[in-house]
Amino acid sequence: MDNSLGTIFRITSFGESHGELVGIIIDGVPAGLLLDLDFIQSELNKRKPAQSHLVTSRNEEDKLKVLSGVFNNRTTGAPVCLIIENKDIDSSYYEKYKNYLKPSHADYSAQMKYGGFSDYRGSGRLSGRITAGFVMAGAVAKQILEKYDIFIFAYTKSIGNIRDDEVYSLNEIENLTKLREKSPSRAINPEKAIQMEESIKEVKNQNDSIGGTVKCVVTNFPEGKGGPVFNSIESNISRAVFAIPAIKGIEFGAGFRSSKMKGSEHNDPWILKDGKIQTSKNDAGGIIGGISTGMPIEFTVAVKPTASIGILQKTIDIKNRKDVEIEFSGRHDPCIVPRIVSVIEAMTANVLLDCLLVEGYIPRILKVG
Amino acid sequence: MDNSLGTIFRITSFGESHGELVGIIIDGVPAGLLLDLDFIQSELNKRKPAQSHLVTSRNEEDKLKVLSGVFNNRTTGAPVCLIIENKDIDSSYYEKYKNYLKPSHADYSAQMKYGGFSDYRGSGRLSGRITAGFVMAGAVAKQILEKYDIFIFAYTKSIGNIRDDEVYSLNEIENLTKLREKSPSRAINPEKAIQMEESIKEVKNQNDSIGGTVKCVVTNFPEGKGGPVFNSIESNISRAVFAIPAIKGIEFGAGFRSSKMKGSEHNDPWILKDGKIQTSKNDAGGIIGGISTGMPIEFTVAVKPTASIGILQKTIDIKNRKDVEIEFSGRHDPCIVPRIVSVIEAMTANVLLDCLLVEGYIPRILKVG
Amino acid sequence: MDNSLGTIFRITSFGESHGELVGIIIDGVPAGLLLDLDFIQSELNKRKPAQSHLVTSRNEEDKLKVLSGVFNNRTTGAPVCLIIENKDIDSSYYEKYKNYLKPSHADYSAQMKYGGFSDYRGSGRLSGRITAGFVMAGAVAKQILEKYDIFIFAYTKSIGNIRDDEVYSLNEIENLTKLREKSPSRAINPEKAIQMEESIKEVKNQNDSIGGTVKCVVTNFPEGKGGPVFNSIESNISRAVFAIPAIKGIEFGAGFRSSKMKGSEHNDPWILKDGKIQTSKNDAGGIIGGISTGMPIEFTVAVKPTASIGILQKTIDIKNRKDVEIEFSGRHDPCIVPRIVSVIEAMTANVLLDCLLVEGYIPRILKVG
Amino acid sequence: MDNSLGTIFRITSFGESHGELVGIIIDGVPAGLLLDLDFIQSELNKRKPAQSHLVTSRNEEDKLKVLSGVFNNRTTGAPVCLIIENKDIDSSYYEKYKNYLKPSHADYSAQMKYGGFSDYRGSGRLSGRITAGFVMAGAVAKQILEKYDIFIFAYTKSIGNIRDDEVYSLNEIENLTKLREKSPSRAINPEKAIQMEESIKEVKNQNDSIGGTVKCVVTNFPEGKGGPVFNSIESNISRAVFAIPAIKGIEFGAGFRSSKMKGSEHNDPWILKDGKIQTSKNDAGGIIGGISTGMPIEFTVAVKPTASIGILQKTIDIKNRKDVEIEFSGRHDPCIVPRIVSVIEAMTANVLLDCLLVEGYIPRILKVG
């Protein structure tokens, strides 16, 4: 239960940071999909370590392997198992400091939950590396959603105090993607992207880290899907997104901003535009009553700064129950935001495909060309 | 699935705003609980309409009825069914304007989802009135949690731009509750409470509405509960909270603020205090890696302004597909925040009790005095 | 979890034998169904007590009430809550003997599970009366399945040693139903029906009881539904059927008989008949690999004799831990088989409709005339 | 959903007969278990092909590999992934006859379900080889159950018409195991074991196959576990058992025999024996009202004869829609019953451990020596 998500398109996550591998089982993949392995690999590459100077230097190839569920290059309807192996493992730091509670790391809570038996090497099961599995599943989901003209696009909206509040036209998703891929910060606005990059370099030089926000937009998602009460689209997206380490907040549409608004400001009149029923501005983020309105689904998540920093910190030794000092010397990301962008897209794809399968909107056997 | 939540302590919501009743089935209630019906009624009263000049005038008694699962005043382990009846129903407004898409209401998305067959009277199944069921279940959950010294406390943190950012000492939960109950705004700080009340009155006089935020704190929740990845406490609380109409955002601990911080600012050293392992400041909101740290669980939700306002708005008639104007003349809340406070507490109780039953921390048969 | 079943068409059972009511919540009912309440009532009447001299004399009207989910006589897509009230309650026997463990009754196991807090009156939550809820849900499911020409038919196959092993032509389901309704034994063959009736009367006169078997056949169920491994049609039907008190066995197609066969006898060649792919004899009961073959789904269940008998039996007093004698003087069925026939049909309908909704074969909004 | 089972101890099956591997993910394994890999391998060996002259000659080593969830030889609380690789693959027969519908095989139903995209080689996902995953998980579950003195024992009760109806004393489980392992038929009674072996050899020589039954007994399972209504022990065991290919029936305790009995014969008086509350004979198979009574849990399953036989059979070519003849020349078991014995034990262990975790009877962290 802890490691499975979804009703029909159901993903089950397994593996550890310094174990043999990280993997995902995807149950309920519609049969007949001609699986584009290069696309899955390219999605993996976007969250891969050591891809730029802004991220951890752990040198993993993250090479996709398909272990089940595919025959003659097509999905069979059986569970699809996808993995990447762990190759560049160095657990020395974790062994040395295994009794030191790293500030804002999950060591302590994990030790309490698992009675001291959890794998502490590289944060084990609680490592951000686990999200590679989410990305592999998401890349499968995306391939299916795109056949229904549903596109998911996320980008870095802010790093520290540098924010990009522009609202982008959703018709140019291809162009936006190109802009985003130009910058290791995964921001769109070229000027802001450079500022964000500088900002990350600065904290890196200080052996420090920094947080940020990621915005995600989904276009062409059909209206009338999801629903009250516990299966709302917000419920399902938020549940999935909080499975990603470092996420500490989520807001849909105007979100926290709406808490300061009057109804007369926030309300969004329905209009007829191009023969379609739409709203004027989409402060609801494409979801009212937990159900899609046909407008773009929009949400933003808050990412906390990486807990691993190379600055001397006070903490305690849990075994000897005494005060100690610790300085993280393992490899880590000064800012995890750019790598989280593709994880957010992936989890959104996983949730929304499941929703459309449950609704019967996407069939269990794909009609393929 | 849509209307059930939880693994062991599993609630199933039913009923409509202008139907016969609103109810909740609670499966998995531990056997042997001496059920305090007065307490459940008092919790219901806190979210009840017409309790003050700040909320809707719909005059419902919201009288609790127990239909199953209780014998000799104790829970039996069988499903507990709790209901309130709908008495003060006036559907005339909804009948008259059933083809008008009310701005920022769920009419359109519901019509699309249910093919036009949904009950539109008083928003039917999408009404905030449904949350009375959540509150009844939450009041049962709270009674059990309190036997384990776990307390849940929520309050109005902001109305529009009036904010109370004070961090309250959690030892005084009783005192805080008294302060909160003094004000129909459900704020704690007496001065701010009055400002918030004024603010709501002002929009009410303008036939407008206003949003706000609610903060929730849980004390004495044991460490090492919840867990990666999809069953994180954040995942489960957020999923439950987004089932409440009008919630558009949630953040845990420092939340969105953490996105602007450096690791050196955000990191929270572990300390030994009173022989217990704690953190210095709790920016994590009591949860790291999806697992409880033993520090208070803290989160804040954003509530959008009520969509029903008495101001003339443009919109469309879906049947005749033409532009129309609408002015809401039904009964409604100028600000739903004060009533949502008790719903947030309830949903938190429902989720956390379920977590502790799944963990085996709370037994299936209560040892009772 | 204990009291809910199904993925999309999800039923949640509540109520007790001597409590206020017995009810069912049905989530996931497709929107737009013109609900035939008379049909649901007629299904209830088939399992109702006191309908003939063969069954218990508890005189319950079992009058259907609809509490939610229906508007303008159609299902809205919201949870449908259906109940019957308990009126003719006499708990005196149960109060008097509450410490006596009735042989082959669930008192002891329930007391152990619920720590002595379960409602023992009329077996409380463990009473066969709970199945009235299954029947109400099944009657809704049947109405939908019949729109897709899927029919479910069960009948009494044996009472004690009197067996009807004839294989009935499925084209005459209407005729078979008429034959079945003629006899209070719910058997089809008129001669056997009389023998079975006599057999039940005989044990009734002896204050004893008797068991039997029920066969169920489903026609026109589409091929290629269900599936490996844990969601097999056999898995789902058996899980549902074992929720009915008194069922102790189930077999699909040739079932236990197949364990004595050679492959060359059991194997069922595929043939082309009327342009359709079929099998020659259907020993598989319409299911191979957990997936429907398009042939009729067929299974038989074993029903144990009613545990309540008016004959003096030895047992123990659990409170005083001593040997005692007990003679059941409450009202009971000398043979529960005839009343279980409609419960089996209902549970089969609940499971198969859910399967077809999950497969996307039946839509979430019914296209209605 | 299709490939996952359980609430806390949740298994997810993946892999195919002629793909790379067959595997299982086990979520919810209690932390701290010193995993005995030799024991898992020995359980695998009991269902392994080519272990005797009575079973298929496919020569697989079925060597266990642990891919995740174990650290320092102990379970960590993270998902445990166990696999075996497929080595001795010969798909030529399946490629040659891929359009021939093999009688009583799942080809047709699978093709219909998956639109022709399923992996047909060696029956792909519908092969009995998938049950190796069930056995690996079951071997983990057994190690935990045995720490609580709960033992599961299954054996061949009949092959064709040769039956062993003796009721074995449960105190001698060790001795019974030794007896069982002596015979490739997995029967206990030495004389019957030889008869069964002869019987299988006979059909093998005829290129035919034969069915049988397997009985399973669980000792020391605590009373008061499981429960009404949909989570009954019978519901959960039957659901799990029908995931095993070739199972066509299940009965608990007296099962189908009880359908012929009177209440006065079937009823099972409660007695005090050795200070413990027990029943006299256990016709209920240790379960009343879906809840364990503390008596041994007993059930029997019917296994159909292997569909693959080397005798010429008529059938059709689905592509060319014409009558054809087929003679199975692949490797197959003349009787699958002996190999199913260990699969039944495994699935029972998986279900019962999950039940005890949900009940909170077994903790999430094992207290280990």
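By letter and in written order, the chains are A, B, C and D; residue numbering begins at 1 in each of them.
Going forward, a residue touches a chain if its C-beta (ideal position, glycine included) is under 8 Å from a C-beta of that chain, and two chains touch if they have at least 3 such contacts.
This structure is a prediction, so every number in the text was calculated from the model and none was measured.
If you take chain A and chain D together, the chains in touch with both are B, C. Both copies, chain C and chain D, contribute mostly matching positions to the interface they share, with over half of the numbers common to the two.
Chain centres were defined as the mean of their Cα atoms; on that basis the chain farthest from chain D turns out to be B.
Of the two chain pairs examined here, B-C and A-C, the one linked by more C-beta pairs in contact is B-C.
Here the spacing of chain A and chain C, counted between their Cα centres, is 46 Å.
Annotation: 27 Å between the Cα-based centres of chain C and chain D. Averaging Cα coordinates per chain places chain B and chain C 39 Å apart. Shared contact sites, meaning residues of chain D that touch two or more other chains, fall at 1-4, 7-8, 13, 77, 113-114, 125, 227, 358.
Residue ranges on chain B touching chain A, taken from their complex, read 1-5, 7, 13, 101, 103-106, 108-114, 123, 125-126, 130, 158, 160-161, 203, 206, 208-213, 223-232, 234-236, 238-240, 242-243, 245, 247-256, 258-272, 277, 279, 283-285, 287-294, 302-309, 311, 313-316, 318, 321-323, 358.
Remark: chain B residues 7-8, 77, 227, 357-360, 363-364 touch chain D in the complex. Across the interface of their complex, chain D is touched by residues 1-4, 7-8, 10, 12-16, 19-21, 23, 25, 27-28, 31-32, 67-69, 71, 74-79, 81, 113-115, 117-119, 121, 124-125, 365-366 of chain A.
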